[in-house]
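Structures for review follow.
In the two complexes below, chain A is the common chain; its partner is chain B in one and chain C in the other.
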Partner chain A sequence: MTLLSVRDLDMHFGGLRALSRVSFEVGRGSVVSLIGPNGAGKTTVFNCITGFYRATSGSIRLSQSRGDVELLELLGAPLTVADLFPPRHLFRRLAAKMFGGSHRIARAGVARTFQHIRLFRELTSLENLLVAQHRRFGRNILAGLVGSRGFLRAEGRAVALALEWLQRFELETEVDRPAGELSYGQQRRLEIARALCTDPILLCLDEPAAGLNDTETAAIARLIRELVDQHGVTVLLIEHDMRLVMEISDHIVVLDHGEVIARGSPAMVQHDPRVLAAYLGTEGEGVE
Partner chain B sequence: MDPFLIGQQVVNGLILGAIYGLIAVGYTMVYGIMGMINFAHGEVYMIAAYLTAIFLALLASFGVDSVPVVLFLTLLGTVAFTALHGWAVERVAYRPLGRSTRLAPLISAIGISLVLQNYLRLSQGARTQGVPPLLEGVIRIPAEGAGGHFVQITYIQVMIVIMALAGMGVLTWLIQATSLGRACRATQQDRVMAELLGVDTGRIISVVFVLGAAMAGVAGVLVTLNYGSFDFFIGFVTGIKAFTAAVLGGIGSLPGAMLGGLVLGLSESFFSGFVNTDYKDVFAFAILIGVLIFRPSGLMGSPEVEKV
Partner chain C sequence: MTGVAMVLRHSLWVALVALLLFFPLTGLLLDGYRLTWRWELPLQLAGGVFCLTLLGGLVRPLIGYWRSGRGLSGLVSSSFAGEGSASVAFFLRAAHGSRFRSLVRVSGFVLLLLVAVSLPFLLGKYWLNVATLALIYVLLGLGLNIVVGLAGLLDLGFVAFYAVGAYGLALGHLHLGLGFWEALPLGGLLAACFGVLLGFPVLRMHGDYLAIVTLGFGEIIRLVLNNWTAFTGGPNGVSAPFPTFFGLEFSRRPQAGETAFHQFFDIPFGNVHRYIFLYLVLLSVSVFLIFVIGRLRRMPLGRAWEALREDEIACRSLGIDPVGVKLSAFAMGAAIGGVGGVFFAASQGFVNPTSFGFHESALVLAIVVLGGLGSTVGTVLAALVVTILPEFLRDFADYRILVFGLAMVGMMIWRPRGLIRPRRPLYPSGEGG
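After this line comes the complex of A and B, so read on.
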């Protein structure tokens, strides 16, 4: 069953076409990897999906239990003539224009990590995870001020969940340390834990193994697989470590110059001549 | 030097400093989260002065004459209205400019500041206005006066110190220990990331403006009860002074704003007590210049770290 379906995604920066007509699908409960040479547009795809950028055109649909949502719409994509009718549709579009923004993407169930770790460095590990659950607390300032029972219970649940993930990611000894003081590998794990605390249905990991040694990479691979198999998370992955990609992916999408050049299982992609050409140079340039 | 004179200047300085600190908190929180100076903040304080007079008159006309009740209701009403002003200023003057240059909100701030001043001038008149003293009575140390010398503290001044401490205490607790404060700190460190985690940062910014304006409202009530007179232009100089206090303490730092307020208040009061009253503003701004030259990150601010 399809969880995320990207159709004809275009992203232009001025005259530069970073993505052109990118289409792919992510099945529920699978690991899908985006690979391609540097500058192929992998991170741009991520940025469009997670609301970091506003795609120029195309569609990104996420299927939730309540039905499909169009992520570009949540970001407040420009209105077109087609949006005028029916009135209910127009109303929804106008509401998204007024209250839309990338926080709505996160609330729709998409979480991400960054290639360059982006933790709240001055907040403790625990606080980092609690911020990610902010939207699920009673957000009423008065309830917080008087410490109402519902508020305290919600806060207690959030702390419990955060501690559970910290333990799972072997960070239980670092609960009260500022995130900026953790080791590199710990920061990577904390970032994934934080993304999971938003309770995502789709987790986008941007080079989770970058800068890790072989042991740590193997641990991350095991962890990702566990998240998918035991917690029902769907993972969209960007990774340069081909061994990791081939090992854990169910499906691979290959990008080059902002276009999808191949799609398929790891075995299929590995032997696709276009993929080899993209990675090793075109056939004409190759040594005969 | 006369120890009582020194003592009196310390008292005056602490009271002035508490007021500066309360207002400086608004500057520093907005700067921390948005990286801009809300130059309309002083006007919120000025509006609080008018609101105080209005509430006092209203309560008197309803025949409420118990001092604690009057104080409480005036404070509550004024803070509610100034908080509303803070919220509205952000909505009208800053949010629409969210995606524009850094300079645009600054100009917009000056604009909204002029609008607020002149709307008060039009609706309330340009004359200096006043309120009758609500709480009279002084504490003298020593009580019988040592040969005509003593340090004097009025009840209102005692209240100023208590209210300022309470206000800052509540604010510190709110920022450090609640989920809302956690979201504020996260937004301050990395707004985009907070948004990607589902925090509605627009809402957090509104909250910060409301909190800052509420603190300025408290300051406005206390100062009005202390000095008794005000006009539509008092927000300017006090606002700039409080801004100096925020820079002095390290802009972006909450305890820094409070400390900066106290340091500025004390030095101003000592300068006017022992050197010259007319030049006390010059001295305050000389401190600002000195800080900007020798310690640009302020007393408690962390040095600017380039964000990747």
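After this line comes the complex of A and C, so read on.
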């Protein structure tokens, strides 16, 4: 079962071709890793999927319970002449243009973390998780102002869920501490917990183990595996720590110079000569 | 005892430094060509500084204990030094836990409110006006605090919304015949619309760029008011109506067919009645808005504002629409500023563009920053200090700015993040932490 399918993704920055015809698939309930040398375009792929970049061309389809959705459409791509007809299509494009943006992708069920941690540093750990659950509350401002029963119940549920995740990520002692005061490892974990609080169907982790020591890396690996096995989350991962990648991945996609050079199980990828060449360089003539 | 001795020594040093500073400033007198000197005033000032420092040094540990959440138990347990201290502390903590603190807070709030309500009946007209102006600045501070303190959008043109509110009342009365009570919500709404209007073009801007654009916006509003003579009366200004008391006017001789406040209640006419009334209305609006802002901070919208201040990209990654959040912050802040403007126009009875210069924006921003960005209590406190302190210092005339400057310098040293550090809302089930 495919959850996410990326087809012929192109990304150009002016004349620079960051990605060319990148295609891969992410199966539901699996861990897929994107690896490759520095500058291969891993984070660019991430930014395209999560809507922080607008891909030049290609398609990124996410299959939700209520049908497939084209993520690139949610971004509100520039209108073209072809969009003028039929009217329903035009209306959809205009709506996407007005209200589109990367937040729509998050609402479609794609959550992410960042290579450089981006927490709300002045807010407490619990508040960080509550911000992520904003959609759990009704949109009725008045209900919140008077503290209606429905609002309080929603708040209670949100707090309970946040506390559950905090416990799960061994942060239960840091509930009321500002996120900026936490240790580096704790911040990494809190960021993942925050992404999970949006109730995603696809979780994109950008180097979750960067800057962590061996013990913490092992803990993160265990956590990711548990999320997939017990909570039914699907994980797309960028990571440089090969031990972590080989240990938890079901499927690996190798990028180099913006192109997919290999795909397959960890064992297959490990022995692929093109992957070795990309990482280690080649002797004599190049592979391509 | 060493603690007290240390505080004493520290205070002595501070007093000595103060004496050295104050002597040339206040002790040397130029008498013709001769320089004479006197010791009384510098000594008195240094003595005052000594007393204040001593008091501060003695009170601060108390506050420290209080704020650290241990309350009385912390103090008591620290003075016990035996085996049983832990159990005693535990017992006291159970007795004086969060419920005790919230009781103190609620009773303090009620007491403050009582003082605020009884204030206009005790003050003369002059001080009543000062108090009204102070409350108007409280409103402005609260409004700007949403934009700058919570949402983190630096707005240097906040006075524009203040002007929109004030002119909303005056021009609404002139052109549409609106009274104060209609203009109060409409002025707020109008200012909110202007807030959204300003918000749209600056959605992509941050920091310095945003500050410059908002600064320009403030100036545009002022210049339009100044130059569109046919509509706004230009520099001559417009008069604004006074609120009525459920239809009763506050004038000595009401218009034909109307009853005045003093006639209805059969009391002698008092010029101060209207100001007392305005003050009380202003006070209730301020208290209401403080309550609303307090609630908002615990609601998704308020949390989104703060999250936006911390990191916009992270907000987007969580599905928060930054456009809506920013516009709502601008609109909400502007609406409160507009309400402040309506009150300003009503209390002055007259508005003209000179009241809405950049100086006002800077003053309101100073209030927000002094209060501690994001703290409601701090903003209220700073607004009161910034408006009332100069009035008290009128007696010192020559040293007014000196004292004000000293206060600022002191603040930057001891409280660089503002008078009150914003307190994070805690959640009942979060007590496990």
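The criterion applied here is as follows: the second predicted complex is superposed on the first by the 271 of 288 C-alpha atoms of A that agree within 3 Å, B and C clash if a C-alpha of one lies under 4 Å from a C-alpha of the other, contacts with A are read in each partner's own complex, and residues count from 1 in each chain.
By definition in this document, a residue touches a chain if its C-beta (ideal position, glycine included) is under 8 Å from a C-beta of that chain, and two chains touch if they have at least 3 such contacts.
Treat the numbers as computed from the prediction; the structure is a model and nothing was measured.
Enquirer: Looking at the superposed three-chain arrangement on chain A, would you call chain B and chain C a clash or a fit?
Expert: clash
Enquirer: Looking at A:H116, would you say it contacts chain B, chain C, both, or neither? Reply first, second, both or neither.
Expert: first
Enquirer: After lining up the shared chain so the two structures overlap, which partner does A:L163 touch, if you call chain B first and chain C second: first, second, both or neither?
Expert: The second partner, chain C, only.
Enquirer: Which partner chains sit in contact with A:E172 here, chain B, chain C, both or neither? Use first/second/both/neither.
Expert: second
Enquirer: After lining up the shared chain so the two structures overlap, which partner does A:T50 touch, if you call chain B first and chain C second: first, second, both or neither?
Expert: In the superposition, A:T50 contacts both chain B and chain C.
Enquirer: Could you look at A:H134 and tell me whether it touches chain B, chain C, both or neither (first, second, both, neither)?
Expert: A:H134 contacts both chain B and chain C.
Enquirer: Using the touch criterion from the header, give the chain among chain B and chain C with more contacted residues in chain A.
Expert: After superposition, C is the partner touching more of chain A.
Enquirer: Applying the stated clash rule to the superposed structures, which of 110-118, 254-262 or 308-316 from chain C runs into chain B?
Expert: None of the options clash except 308-316.
Enquirer: Across the two complexes, what residues of chain A are contacted by chain B and by chain C?
Expert: The answer is residues 50-52, 101-103, 106-107, 111-112, 118, 120-123, 127, 130-132, 134-135, 137, 141, 144-145, 155, 194-195, 198 of chain A.
Enquirer: Touching residues of chain A toward chain C in the complex: what are they?
Expert: Answer in residue numbers: 50-52, 99, 101-104, 106-107, 111-112, 114, 118-124, 126-127, 130-132, 134-135, 137, 141, 144-145, 147, 151, 155-156, 159-160, 163, 172-178, 194-195, 198.
Enquirer: Using the touch definition from the top, list the residues of chain C that touch chain A in their complex.
Expert: Touch list, chain C to chain A: 292, 295-296, 298-301, 303-304, 306-307, 309-311, 313-323, 422, 424-427, 429-430, 432-433.
Enquirer: In the complex, go through chain B and note every residue touching chain A.
Expert: Chain B residues touching chain A: 174, 178-180, 182-183, 185-186, 189-190, 192-202, 207, 308.
Enquirer: Residue numbers of chain A touching chain B in their complex, please.
Expert: Against chain B, the touching part of chain A is residues 50-52, 101-103, 105-107, 111-112, 116, 118, 120-123, 127-128, 130-132, 134-135, 137, 139, 141, 144-145, 155, 158, 194-195, 198.
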